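For reference, the structure I am asking about is given below.
Chain naming follows the written order as A, B, C and D, and within any one chain the residues start at number 1.
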Amino acid sequence: MKKYTFTEKKDTRSGFGVAMAELGASNPKVVALCADLIGSLKLGDFQKQFPDRFFQIGIAEANMMGIAAGLTIGGYIPFTGTFANFSTGRVYDQIRQSIAYSGKNVKICASHAGLTLGEDGATHQILEDIGMMKMLPHMTVINPCDFNQTRAATLAIADYHGPVYLRFGRPVVPIFTERDQEFIVGKAWMVNEGTDVSIFATGHLVWEAILAGEILAEQGIDAEIINIHTIKPLDDEAVLRSVAKTRCVVSAEEHQIAGGLGDSIANLLARKAPAPQEYIGVNDSFGESGTPEQLMDKYKLNAAAIVEAAKRAIARK
Amino acid sequence: MKKYTFTEKKDTRSGFGVAMAELGASNPKVVALCADLIGSLKLGDFQKQFPDRFFQIGIAEANMMGIAAGLTIGGYIPFTGTFANFSTGRVYDQIRQSIAYSGKNVKICASHAGLTLGEDGATHQILEDIGMMKMLPHMTVINPCDFNQTRAATLAIADYHGPVYLRFGRPVVPIFTERDQEFIVGKAWMVNEGTDVSIFATGHLVWEAILAGEILAEQGIDAEIINIHTIKPLDDEAVLRSVAKTRCVVSAEEHQIAGGLGDSIANLLARKAPAPQEYIGVNDSFGESGTPEQLMDKYKLNAAAIVEAAKRAIARK
Amino acid sequence: MPCKGLPRGIDFIALRHRIRPVLALICMTISIVNMAPTTEKLQAVVYQVRRDIVRMVHGCQSGHPGGSLGCTELLVALYHEVMTHNPAFEADGIGEDLFFLSNGHISPVWYSVLAHAGYFPKAELATFRKLNSRVQGHPATHEGLPGIRVASGSLGQGISVAIGAAQAKKLNHDDKLVYVLTGDGELQEGQNWEAIMYAAHNKVNNLVLIVDYNGQQIDGPVDKINTLGNLKAKMEAFGWNVLDQPNGNDLAAIIESLAEAKTLLAETKPVVILLKTEMGNGVDFMMNSHKWHGIAPDDEQLATALAQNPETLGDY
Amino acid sequence: MPCKGLPRGIDFIALRHRIRPVLALICMTISIVNMAPTTEKLQAVVYQVRRDIVRMVHGCQSGHPGGSLGCTELLVALYHEVMTHNPAFEADGIGEDLFFLSNGHISPVWYSVLAHAGYFPKAELATFRKLNSRVQGHPATHEGLPGIRVASGSLGQGISVAIGAAQAKKLNHDDKLVYVLTGDGELQEGQNWEAIMYAAHNKVNNLVLIVDYNGQQIDGPVDKINTLGNLKAKMEAFGWNVLDQPNGNDLAAIIESLAEAKTLLAETKPVVILLKTEMGNGVDFMMNSHKWHGIAPDDEQLATALAQNPETLGDY
């Protein structure tokens, strides 16, 4: 098992915030919109440095999506910022018609995704956003795994034409990817080559997959770990190549089991090369209040759960 | 291949309308809400006969979902009616919080689902609604196949406690199920027993699956055809039993390939018994204007496509 | 009139099923014989609720003290004076006045007031925002916390739900009222205006909307973020009767407005009270700012806040 | 000023790339040298557009003639008289006035007016709502139909998009205007009120909203379904300048209101024109009712409708 270490923990949303300030300076076409959540989205620096290109929309997310679509018409690249729930379910039809179907170059940037939002509880803990956004034709769906990758993804999508859903989160988590990594939309990142089981993880679950890989290695199990930061378009080739070798799968995501990364992989494999798969995700329930760690433990979205799932997957080969 | 014939064609939404008028008479707790689409939803009879229990909301679907949630508090069973797009994507967050998470006994009834909406085009042709609704914890998702089954489903869900998404459509299609069928939520209907391939179809695709079954039979292929009218909760047992026998799958639905019935089946099989699967569905694109038949042909949602898919699935065993 | 004077500390959950009818009867009887309490008595509840709010938010180091403190007098007045309601809790609320909290983030004040009104044991307040609690970060029903009839937290949905509940009351020939509270920033959400338009058209005159008119939202003053401008003119243009209440933290003033609202409902229009409150009211360093919308005090700040609000009915 | 007088029947799609700059230049030149046409000349376009509308809807036996006919004079006035625009079509519309159709179901009138203004060949109107057409049931961009910048059809989204486009113009120091048309029933959608509130707060004074104030929606008169009440008072309370135009099917009156709107924008408020139109205007049996909102005439009805509107510029 390849060694990954970290010296620092940061929230992925701060990776977004830092990148936005950089983009503000480097790309005069980048504009930012926010729906009364500047602090939570870490958009304060952008707002302060580029006030003319910052739009405070107030608590009106539907209007924000429409305004973003309109701003593209004058040649701008709007980045919208609010919580993941209010970036997707609240405004699905607006994104669908005014952005996706209209082919608008809007970047929908969503913080506080998943259970790790923590204490606010279920009304805010969206676990269906990846599923919603990936069903939309023309939409790209990205869920980076740490601060550095979120920064890199934010910078990358500014140069990528077309609507993008960028999902990140609230809690501080280890930084284990390189600061100046190349971020290629749609290209999976091989975290660790292995032969016994393919672990496909996204977002906060990538670090848990690495921890799981270490535990598995101690037990003589050689796990392949792949970071699927881009859920759509899925890197079909990387998935198929890995499963051709390992012949079994664990998918891991901070999302409902239905509709997320796991189902994208099951879909691909069912069409091309069926294989036993174990899902790490929330099993058709809402979340609740608690600390991020408590919730990830209770809902079994952690390294221990991945280890068990890997063993079950291998046993089913 | 079992013989199915029809003498009459009707739209599934009319099955809903007829059942609503019956429910109005038989169940004083049933109330109906509509967002300026009484004619399209076939709610005219209910409105005329039970004006006190009919709520004209106007063009304000979010408000309609909230009002429906509130009406349950006084003991009523609200049936909301609008197009499928405006029943789901337009109001996802409202359904999520005020209905699903709050466990409210609301029946979300959605017409004009899918491509067969026809000439209005892509902005109205929702192909992601099943996926959205099935991801919601506490939600039941039903897509009946003809007029009689839609009527039966509408009557059945009035007696079924909890939020339900009932999806039906606009065009006239063959009536081939029995008028007084028993409709059991969550129980798949065996249309035809067979051994070579399992065809799981829902909604308008069930009749196409039957036509496909006849063509396949002529070619010596013995298809099992199962009507999955309830996509959630999925009848796991029926699916697993069938696939244990046939060892390959075709799923057929008027929906995006991602997120719909096909993915529910792929998910189940990946977890329990992987098998080759071919998807009949729309492949990550929006629809367009055209007649229902033209669109079903262009997007390959018909008997001919199912026949080809069945052969591909069998070849992959 | 309220149902006060129920013994506190009883485990209502365990007792619920057996004593529900008895309790309801007692409760109704008390409502009838009980004289309107002085605002002094209510003020004692206010102090205790304020203590609960800051202690709850401090206890989990998260939550929304500002708006909660600003609406303390309102919720105390509603539950301890104005509303006819039943702490034995029946979800359908037939024969009762109902309250909905659209701005769900100010759950602490609601939880505390519900607990002091006898809906559930005060001890449960200590579990606020903690794992496996019924006292969720935002109000929720699925854990069965008595007093809550619908989840909120995602803003802008409460007026619609309240309208549905009010229309159900009409169908049920139930002449009790429905109250719903929204934030002012929250009124930027379009769904509210759908609901406001619909309620006027349909003469939902058993509905009282109260706007927590504190002038603040997360990113700053409402007037700077996205002004509501002349809110009174807006509501009147939308066909509502409007009551201005500039003293939204004054118990007597609140009770007067609520009484006036009730009278005005005879006119077939729904009524809105623009309740000018002070975010963070009762804790000096939390006032005059939006800063305490959604952060928790540290130990020292907690001590300061508690020192300004005497323990009156016993801390949880 | 409009770009009229371009030769019709040219295949702009094929020519687009080669002649785009030339065309734009010609167009601008014409705009400058051309005198304001008499409303008689516009009236000829109106007749032809009406014919196109009923023929298109008849041709596919679906679509929305009522609202389309009601807004014919408006769109003709905008594209053939008031707006500075470029039929060679650049999606970003820099240096042009922009038009957005929020009530996308009245696409027939827009398509016909765009075709007559030279955006695409009239012949394409015959493909309306048919398979593989760029002339979709509701306006769409992905087939690249010139003149359309965003899809509509799901109601309530257009004002937001128009605001975005207007704010982009400000960033670009582009002093041209943005026009957006909505239905009156459509104003029941809350997103409109979010947008209306935002536009006032942000002084989006390069935006003219026009309400197709025909008093009808699908299920009946707006006043019966969910009344807008005093819409003027609502819009004023939301901080807009309001122009009433009771003669919304009179070309001269429309042009006057549009001119007045332009003047009023100097005041830093956005402007709305409440354009009282008649659904189905110009086809007698389609008027005075909501019945023709969304159904197609049969052969006989088509003949009657055409008899009332002479062919002026050639049927497609």
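Just so it is clear, a contact is a pair of C-beta atoms (placed from the backbone, for glycine too) under 8 Å apart; a residue touches a chain by one contact, two chains touch by 3 or more.
Here the structure is a predicted model, which means the values were calculated and not measured.
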Where subunit A and subunit C overlap in contact partners, by chain label: B, D
Farthest chain relative to subunit B (centres taken as mean CA coordinates): C
CA centroid of subunit C to CA centroid of subunit D, Å: 46
CA centroid of subunit A to CA centroid of subunit B, Å: 30
Cα-centroid distance, subunit B relative to subunit C, in whole angstrom: 41
Multi-chain contact sites of subunit A, meaning residues that touch two or more partners: 57-58, 60, 62-63, 85-86, 90, 93, 96-97, 101, 122-123, 286
Junction residues of subunit C - those touching two or more other chains: 140, 142, 151-154, 156, 188-191, 194, 197-198, 201, 226
Chain contact topology (line, ring, star, complete or other): complete
Subunit A to subunit D touching residues, read off their complex: 31, 52-53, 55, 57-58, 60, 62-76, 78, 93-94, 96-98, 101-104
Residues on subunit D engaged by subunit B in the complex (per definition of touch): 60, 62-63, 104, 129-133, 136-138, 140, 142-143, 151-156, 185-186, 188-190, 217-219, 225-226
Interfacial residue positions of subunit C with respect to subunit B in the complex: 91-94, 98, 140-142, 149-154, 156-169, 171-172, 174, 190-191, 194-195, 197-198, 201
Touching residues on subunit B, where the partner in the complex is subunit A: 85-86, 88-90, 92-93, 96-97, 101, 122-123, 127-128, 131-132, 134-138, 249, 256-259, 262-264, 266-267, 269-271, 274-279, 284-286
Residues of subunit A that touch subunit C when the two form their complex: 34, 36-40, 56-60, 62-63, 85-86, 90, 118-124, 286, 288-291, 294-295, 298
